[in-house]
Amino acid sequence: MRRLAIAIAVFVLATVPFWVSGSFYVNVASQILIGAIFALSLNLLVGYAGLISLGHAALLGVAAYGVAIILNAGFGHVAAIIIALAATVAVTAIFAILALRTTGIGFIMITLALGQILWGLAYRWIDLTNGDNGLSASSRPAPLGISLASANAFYEATLVVFLLAVFAMAALIQSPFGASLRGTRDQPRRMTALGYDVWTIRFLTCLYSGFWSGVAGILFLYYNEFVSPHAMALSASAEVLLMVISGGSGTLLGPIAGAALVVIMKNVASAYIERWNFALGTIFVVIVLFMPEGIVPGTVRLARRLWALRKRTDIPVAESGQ
Amino acid sequence: MTALELKGLGKSFGGLRVTRSIDLTIEPGERRLIIGPNGAGKTTLFNLITGEIRTDRGAMRLFGTDITAMASRQRAHLGLARTYQIITLFPKDTLLHNLVLSLLGLSALRWKPWSRLDRNEALLQGARDALGRVGLAHLADRRLAQTSYGERRRVEIAMALAQRPRVLLLDEPFAGLSIEERRDIQKLISAIPRDVTVVMIEHDMDVALDLADRVSVMHFGEIIVEGTRAEVVAHPRTREIYLGE
Amino acid sequence: MNLWLVLTVNSITLGGLLFLLSAGFSLIFGLMRIPNLTHGSFFMLGAYFGVSFVLWFHIDFWLASLLAALLVAALGGTIERLVLRRLAGSEQAQVLVTLGISFMVADLCLMEWTGDPISIDAPDALRGAAHVFGLAFSAYRLAIILIALLIAALLWALLDRTRLGAMIRAGVDDPEMARVCGVRVSQLFTVVFCLGAGLAGFAGMMGAPIFSVYPGLDSDMLPLALVVVILGGTGSLLGSLVGSFVIGFLYNFGQALLPELAYFVLFLPMVLILVARPQGLFGRRAP
């Protein structure tokens, strides 16, 4: 049953360019997928490791800038992608070594600070990054000779990467490592006593998260054909965090739904709401206050309640002992 | 070779000497009871032995291996397991999953980033067996949050036993249990085979005394009295410590 | 020689302003255990309110500063009571909420005051130069240093000599114990949040003649407050003072000597301190 649902979902996603009118909306769909990959990567930390990062946009930025810089230096796409990913993982390693000295609030603050440092570099190191003016990349790769210049083609390529990402993350989460990771989120002390190496588990997860943020960054650069320091600003990190918590951390579907929500709001609502940051902030506050588990679990919870009311049989599960 | 040997163990927090020069020798297969009034430093001692807290002074040996500077998780791999006074299990997971985590901790499998854990028959069966040993096999698929306190105490013990420890530290295993539940736990503990050395902290003497071969009485971070059950019970200082307070 | 002297004075001025900004941040962090990500917004709001009072209502500079500070303090108190208190006990949620509120405030300011920077002159009495030891310095900048030191002294007196201060210090040291001793910790939270916000708002207005007010001022100032408090230790007034001057110097000299790596120079020490000694140079509790 689940396999069928997944197959249908993949089919629907793959045929988006056909039932959606206009390249504007296809592009929005691409944005959603890129955002979803980014949000999924952050959710590895937020939802599964229990570590909130406020500096993840910097990792996306490293990859995006990496590709742009390498391309503008005259190298090809393959080299650009490989180097960008390697650089992102390397930077993530440094982030992780520093940030994993603490957890909780300390982790938030260190990642915030590290993100700011990288943003500051992008802003000020004009020789390398062209500062506020940003860097352009005038071409997209052509895998297997297929041009990605059109919105449709780019979307399909992004979809392939997205599906790979989802598959890889699902495999990780259901694996023994995934169980170890969730254990470190829930009871780190106990996990240590059980023989797990909590620090290394977290470190490896950070690296994996950084890798996929890098993938998102590469797609981001190719999509926009441009990158500026704004992509690495605190507001960008806040935005991806919003995607995670609005959709619901700790599930695979949550960040995807959250990405869709945020991207659609940004694109469609920006015609009506002038101030995106205000909306971003308000949604943040509302979700944290009233639906902290996110929209996906929250809606599921609501749906269950309504269903139980309809059937008028609400059997409470006995919770003996506390 | 002794199972667990502590020499001159000491720990201070700021100016407060929580543990003062503890010497303790426990033989393999022994059942040692550590008692003492609240604040005597019993749980701190356990935390020092498992490595959650670093010692300031002294040395520790586990079956001859010096573990004084060893990381906590490595001590688990050497055969050290413990239960906790306050239950620190995984409430949102099923009992089965809790036990799977316990078994996974010492297996190289825990690093594998692919292949579904819930399809690993060997691990699942091992977890079911571990639950069966404490009589909870019928609740394998129940979420921990939906079990009773007594059942959770049994899960704690099952988790520790699943690690196939050589030395098992039980931190107040009877805390908060009804008389019937205490009898169940007592039976469980007496059924532990003698290839596991058991060190138990208890606050309440009556319940734990029967299980002990030797008893150590702690007070203000030191071991004041030590000996067989009879010796300790008869010792005047024991009464002083418990009744004088 | 002149350049160094000017840079030095500017650094001390910046240090003074940073102290006004970060003292409140430090107290909030020390007591409530959260880095208040709305603090930069408070600074910016104080500046916007203050210059509006001066430019549109023709209120005296100092009175406007005071009014602005009070207004921002009231806003801070409202946020604390309506929003933060509902999330009591969940620090991560509180941090996220302050982040969300900072975005709301930033856009509201943009809507109200538009994107153009608003500049304002120093009050008449302090315009121009003051002569100290035969050298000419900006009178206003010297005044800021004096004001910062004055407020530092007042804060120290508050914390050290009054009952409120004793309660705050107790709350910073050990909130559980403080509660047991009868300290109404949740009320204290509101008071300290108001105080912190008000100080930040006051600092914003003080800084207006130097920085002017512009969208983005909040995100420029917040990281500085963060760095100061991490360096100086959460909940420590002395730490905030020392940290502020250190950062003032690092920032100004960094901008002058290594403009490309300015942020690096600023944040790297903070990261290193956080990593090596999470409680900062003077603080007692790790974040």
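Order of writing sets the chain letters: A, B and C. Residues in each chain are counted from 1.
Definition applied: a contact is a pair of C-beta atoms (placed from the backbone, for glycine too) under 8 Å apart; a residue touches a chain by one contact, two chains touch by 3 or more.
Predicted, not measured: the structure shown is a model, and the values here were computed from it.
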Pair of chains whose C-beta contact count is the highest in the structure: A-C
Chain whose average C-alpha position is farthest from chain B's own: C
Most centrally placed chain - per-chain CA mean versus overall CA mean: A
Whole-Å gap between the CA centroids of chain A and chain B: 42
Chain centre separation in whole Å, for chain C relative to chain B (CA means): 50
Separation of mean Cα positions, chain C and chain A [Å, integer]: 33
Contacts with two or more other chains, residues of chain C listed in rising order: none
Multi-partner residues of chain A (at least 2 other chains): none
Chain C residues touching chain A - in the complex, by the definition given at the top: 33-35, 83, 86-87, 91-93, 95-97, 99-108, 110-111, 219, 223, 226-227, 230, 259-264, 266-268, 270-271, 274-275, 278, 286-287
Chain A to chain B touching residues, read off their complex: 171-172, 174-180, 183, 186-187, 189-198, 317-322
Contact footprint of chain A on chain B as seen in their complex: 50, 52, 72-73, 76-77, 81-82, 84, 88-90, 92-93, 97, 100-102, 104-106, 109-118, 120, 145-152, 159, 163
Of all residues in chain A, those that touch chain C in their complex: 52, 54, 98, 101-102, 104-106, 108-110, 112-114, 116-117, 119-121, 123-127, 233-235, 238, 241, 245, 274-278, 280-285, 288-289, 292
